[in-house]
Every structure is written in structure tokens, then in C-alpha cells.
């Protein structure tokens, strides 16, 4: 099970989440909760999503997570929360995360953006993060 | 009609598209083709989309266009083409644009990504752009 | 095949499209083009969509077609064109149709609205319709 | 901050929600809850969504809210609830709101319509509204 | 109200849900909860969805429910749960239901699949169902 | 490049498309047309989509392709055509393919179903396939 791609994927997740060696996947949901019904899911998440795609050169981690957040905002998926945390971990500033969601008003309309801002606000509050106003 | 926000919007479009003063909106579709049925559309595009949102601080132009491309790939909209051009104009590398589309496989599935790659390939060919392989 | 619901549906389509008795379904696509692979489709379109739902009291025809156009704009479906024609036939003004699409900018973003305006513009040009500017 | 467009937007919201002068935005969520992370959001909601688009001539308020409800049903957004309230406030009858959702079965399928009916039912019950049966 | 199509629909639901004669619709939501605001909804659900479409020859029940589950996963609708139950009732194995959701990773991305697996897991646990690992 | 997973994927594609050894991927688009901009795409398509997911036990090929077609109909993707061909190749009858699309009327509405039927009709005509009427 611990193929090269699996190890590469775990390493990538550890890097994205800045997690310690004894819990390298940290807050990332890699599907381990489905071991009773789809025990191979974790392998695909780690090997393909993180070992192949997140490890692909061409786009740096910050931009990869920005792309991820954008896709999830456009689709209205609950995974937005986890990936906002990943964004903060890879160095996206709270202003960039909010800026991305605000920017999407033009492309997905106000309701999707408002729903995503609510999630960002929750994460920022939990982490004691303050956001600089664009007018300052 | 030439409010401050309108002028700010035109300036932003000129900056995004690197267009000359005598054709400041360049290849950007600002809705001027609808002057017969919705003459106010252009105002909203220029003032709100570009004067307000694209001019908002917090996320730099490169990341704004990356966010735009991502949203359009997730939705499968034909505007992908124009915004890939904008991306190249603001300094996204072809590798970053391809990297963004490839990354989206994880979040929107293969068909949406393949359809978007076709558009990127068309733009790159028209502009004589070659893309460095991620394996080089 | 000519159940009461079928006849009610045909009558409803005739009323919506203002079609003559010898071609009561007029420009409406009722799925008759699929008689080789799904001969029962026409029955469902006429009986259920038009005999049941379009004939349902509570919302008048103008509002039903406005609702239809809105759903198709939100989904980006090619059927927008046919239903803009239906809208004009039931008395939606071109200003209302454009107003509906422009209004949707807030809820679905600019690209979906622009793509729909292109279709409206085509229909209006074919029918020699001019639209009064909202600023007049 | 109180530009002409902002004041126009507030006035429009007051008119849509029939709110008193000391609380002109009433039950409408204008994004003021995000003042800590996106203090400019409220400005865009009020100025653009309500000052520009909702104030645009061509489509009357009743039809604008019907269009809004339809878009939100098609997308499955939680904002349906607030806009059903707005619909009642601008004079859409409960029969028209239900009629709109029922009509959408043809265009978005049964599940989206059922999910929206649940929200309408909740609002009607809270407001003590009874709906006349289409068979009466 | 008890048209032939209605009776055909009820019979189909009974067959799909393996329900007793004194409660033929079993766990299937046929919209009866909306009798106060849309009393005709139940008729459309039973007559059209089940009496016409689910009763249509060409695709057997197992495949119809697999198609239903797939559509709901792609759309992220809460009705997934009820139709996973129907799937088990018509003879889809838990391995087929999980296999369908896992397969969709390729076409809708990981988040939609993970969200659907959570619902499948809940239903399986409630029913005491164990799933054979694809690696056994 | 010819990893075990790659060979497994190619073999799976050959089996799905019933292609000869000298052209094992047959009519399946595996992304080889993007070798200039994303040379690794083909690897992910073959290794992950076909070597991992399509090769996963639990759901047989017929049901996998039915799931694929359903997802593409729900999303309105052009890849429907290729996968209808795959469906015929793995033994889905034309009646089952039409039955699947007709069934989706209940879950995605009429327009998506009609657009998909047009594609099925094109494929059937090209292959000289006739469809038995559900009323026969």
C-alpha cells in the first residue's frame, strides 16, 4: 500500500498542512473515514489527488489551493472550509482568500460568494485572524 | 457616462489587456455589442466588474485572472478563451494556465478539464506559445 | 394517443405559440423529431409538460415563460432561444426579456447573462424587434 | 459611503421589503454581517445589486423577484427563503410562488422543486399564509 | 384522483420499495407532505415520475435506480439517501452503490463523491450492511 | 511510462471499446491530442481513470458506462457521444441508453434529456441501429 506515489502524496499533504511527522495528514480529510465501505478511496486521494496532481510542477502550492477554493466556491461544496485552512497554511493571506471570494461575485453571482464568505469568516474567527480592510 | 468608476474600469481593462490608448479595452468583451438591446450593460461591465471588483485590492491581477479562469472551467463557459488571453497578458505563464486546468481534474472531473485544455491549446497555438513539459 | 391530457397540452401549446389550427404546435419543439428512438417522448412533453404543468392554474402564462427563460439562462441551455420566442408570443415585452437576463447578473454572474443576451439579440433581429433603452 | 447609488439601493430595498424608515433594509441580508472580513461587500450589494440592477427599468419588481426565486431554485441556494419573503412583500401571491416552483419541475427536475417547496411551506407557515388549491 | 396512471405509479413504488399493501409507498417521499400548499404535487410524482417514467420499459429497475443515484450524486441533492435505500430494495448490492459513487470521481471530482459516500455509509450502518472490500 | 497501471488501463480501454491490438484505445479519447501542452494528461487518463477506477471491482462495465452516460447527461458535456459508443460496445442496448436518458427527465428536466437524445440519435444513425419502441 505504501507505494512511491502514496509516500509522495503523504509528503505533499504534510507540506500543504504543515503537519508534524506523527500526524502528517493533519486536518486534511483523505477519506480514511470510509475504510469500512470504500477502503481504496484513501489510496486514490493520496496517490492521485496529492501524489500526482498536487505534486505536479507548473503551478505553485499557493495557486493550487487558490484554484481549489475557487472551484469549491463555484460549486458550493462544504469542502471549502478545509481548503481555506489549507490556503492559510500554504501562505495565502486572509486578504487573498477574501479577495478571491469577492472576485467571484462577477462570475458566480452574489449568493455563492456570500455563502463562501460565511465559511471564511468562521475559519478566521476560530484561528483569531483579522483581515485588513481593502480601504485601509 | 464617463463616471470615475467607468474611467477606473477602462484603465483596469487596459492594464489587464496591455492595450494601446486608442483601443484601451483591446480583446476584452465589455458588452458593447449589445448596445441595441441593453445599452447599459457596458456600463455595468466596466464600472462594476472592472472598476469595482477587478480594481479591489487584496488579490493581485495574476491571481484574479487565475480565479476567473478556474470559475469558467468549473462552469464550462465559452469565456474561458478570452480570459486565458488575459491571463497570458497579466503574466500567468502557459505552464500555470495548464497547471490550473490539470489541477481541476480533482475537483470537477476529467471532461471539464479536457474541454478547457482544448481552448488553451487553441490560444497557445494562435500565439505561437510552447509549453514546457512538467517532466523536463 | 389523443388522451384528454394530450389534447389539453396541444391546446396549451397552440395558445402559447399563437399557432394556426393546421399547425397547432408552431415553433415549439415537442420532441417529435425523436419518433425513431423515443416515440413516447412527444406524449410526455405534450401531456405532462404542457397538459399538466403549463396548464396548471396559479401562475399566468407570461410568468410561466419568464420562469422558463430564467431557468434556462441559469443552466445555459440552448432551449433559451425557443422560449424567448414563446415569451414574445405570450406578451412578454422585449424589455422584460432583456430585463430578466440583466437581472440575473446578480444571481448567476456576467458570463451566463452575456451568453443569453446574444440569443435574445438574435431572436429580436430576426423578428425586427427594437428594444427601448432603460435610460429613455 | 452614502453615494447616490447607495441611497438609491437602500430605498429600493426598503420598497421591496416594505420596511420602516428606522430599519429600511428589514429582513434583507445586505452583507453587513461581513464587515470584519469584507467591509466593502455591503456597498456592492446595496449599490450594484439594488441601486443598479434592481432599480433598472424594464421589468417590474414582482417579475424581478420571480426571476430571483427561479434562479435560486435552479441553483438550490439557501437564499430562496429570503427571496420568497421578498416575493410576498412585493405582491407575488403564494399561489404564484408555488406555481413558479411547480413549473420548474419541467426544467430542473422533481428534487430541486421539492427542496424549494419545503422552504416555501416553512415561510408560509411562519406567516400564517394559506394557499388556494389549483383544483378549487 | 385514482386514475389508472396513479394506480400504476403506486404499484411501481410498492414494487421499488417492497412495501406492504397497507403502506404501499413505504419510505418513498411522494410529496404528500405538501398537501397544504401544492396538493397536486403528489399526483404528478405518482402519475408522471412513477406511473409513466419509472414504469417505462427499456431499462430495468436496478438500472433506473442506479441512474437516479448517479444524477443525484452529480447534483449533490439530499434525495441521494432515499434513493440509495431504493437501490438496496431493488437489488443493487452495496458494492454496486459504492462502485457507482467511486466511479463518479472521474466525472464529477472527489468532493461530490466523498459527500455521497458519507450518505451511503449512513444508510449502510442503519441497515447493518457490510461492504466487501474491492481488494478481497 | 508503461507502468503496470498504464498497461492495465490500456487493456481496460481495449476491452471497453473492443479495439484491435494495433489500436487498443480505438475511439476513446485518452487525451493524446494534448501532448504539446500537457504531455502527462494521457498518463492520468489511462492510469487513474481506466487503470484504477474503470478497473475497480464492484460495478460491472455495463453499469460503469451507464453511470458515466448519466453523469454526462446531467452535466450536459459533449463527451456524451463517445460514451454512448462505449455503452453500445460493452453491451448496453440502445433501448437501455434511451431508457436512461428518458428516465433522467424526472431528475434533470426535459431540456437536458432532449439535448442528450439528439446525440444518441446521431450515434444510432451512424451505426445503423434501430431502437425498439417501448410500446411494442
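The letters A, B, C, D, E and F name the chains in turn, as written, and every chain counts its residues from 1.
Heads up, the rule we're going with is that contacts are C-beta pairs under 8 Å (C-beta built on N, C-alpha and C of every residue); 3 or more make two chains touch, one makes a residue touch a chain.
Worth saying up front: this structure is predicted, and the values here are computed from it rather than measured.
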Set of chains adjacent to chain A and to chain F: B, C, D, E
Shared interface numbering between chain F and chain D [over half = same, under half = different]: same
Longest centre-to-centre distance from chain F, chain (CA-based): D
Cα superposition of chain B on its sequence copy chain E - rotation in ° rounded to nearest 5: 180
Result of counting contacting C-beta pairs for D-E and C-D, higher pair: C-D
Chain A-chain E separation of Cα centroids, rounded to whole Å: 32
Centroid distance [mean C-alpha coordinates] between chain B and chain A, Å: 23
Contacts with two or more other chains, residues of chain E listed in rising order: 40, 44, 48-49, 53, 56, 71-72, 75-76, 98, 102, 105-111, 134
Chain B to chain E touching residues, read off their complex: 105-111
Chain B - residues contacting chain D, complex: 40, 44, 48, 52-53, 56
List of chain F residues in touch with chain C within their complex: 76, 94, 98, 101-102, 105, 109-112, 114-115, 117-118, 120-121, 124, 130-131, 133-135
Chain A to chain B touching residues, read off their complex: 48-49, 53-54, 56-59, 63-64, 66-68, 70-75, 95-96, 98-100, 102-108, 134
Contact set on chain A toward chain E in their complex: 29, 31, 33-34, 36-41, 44-45, 49, 71-72, 75-79
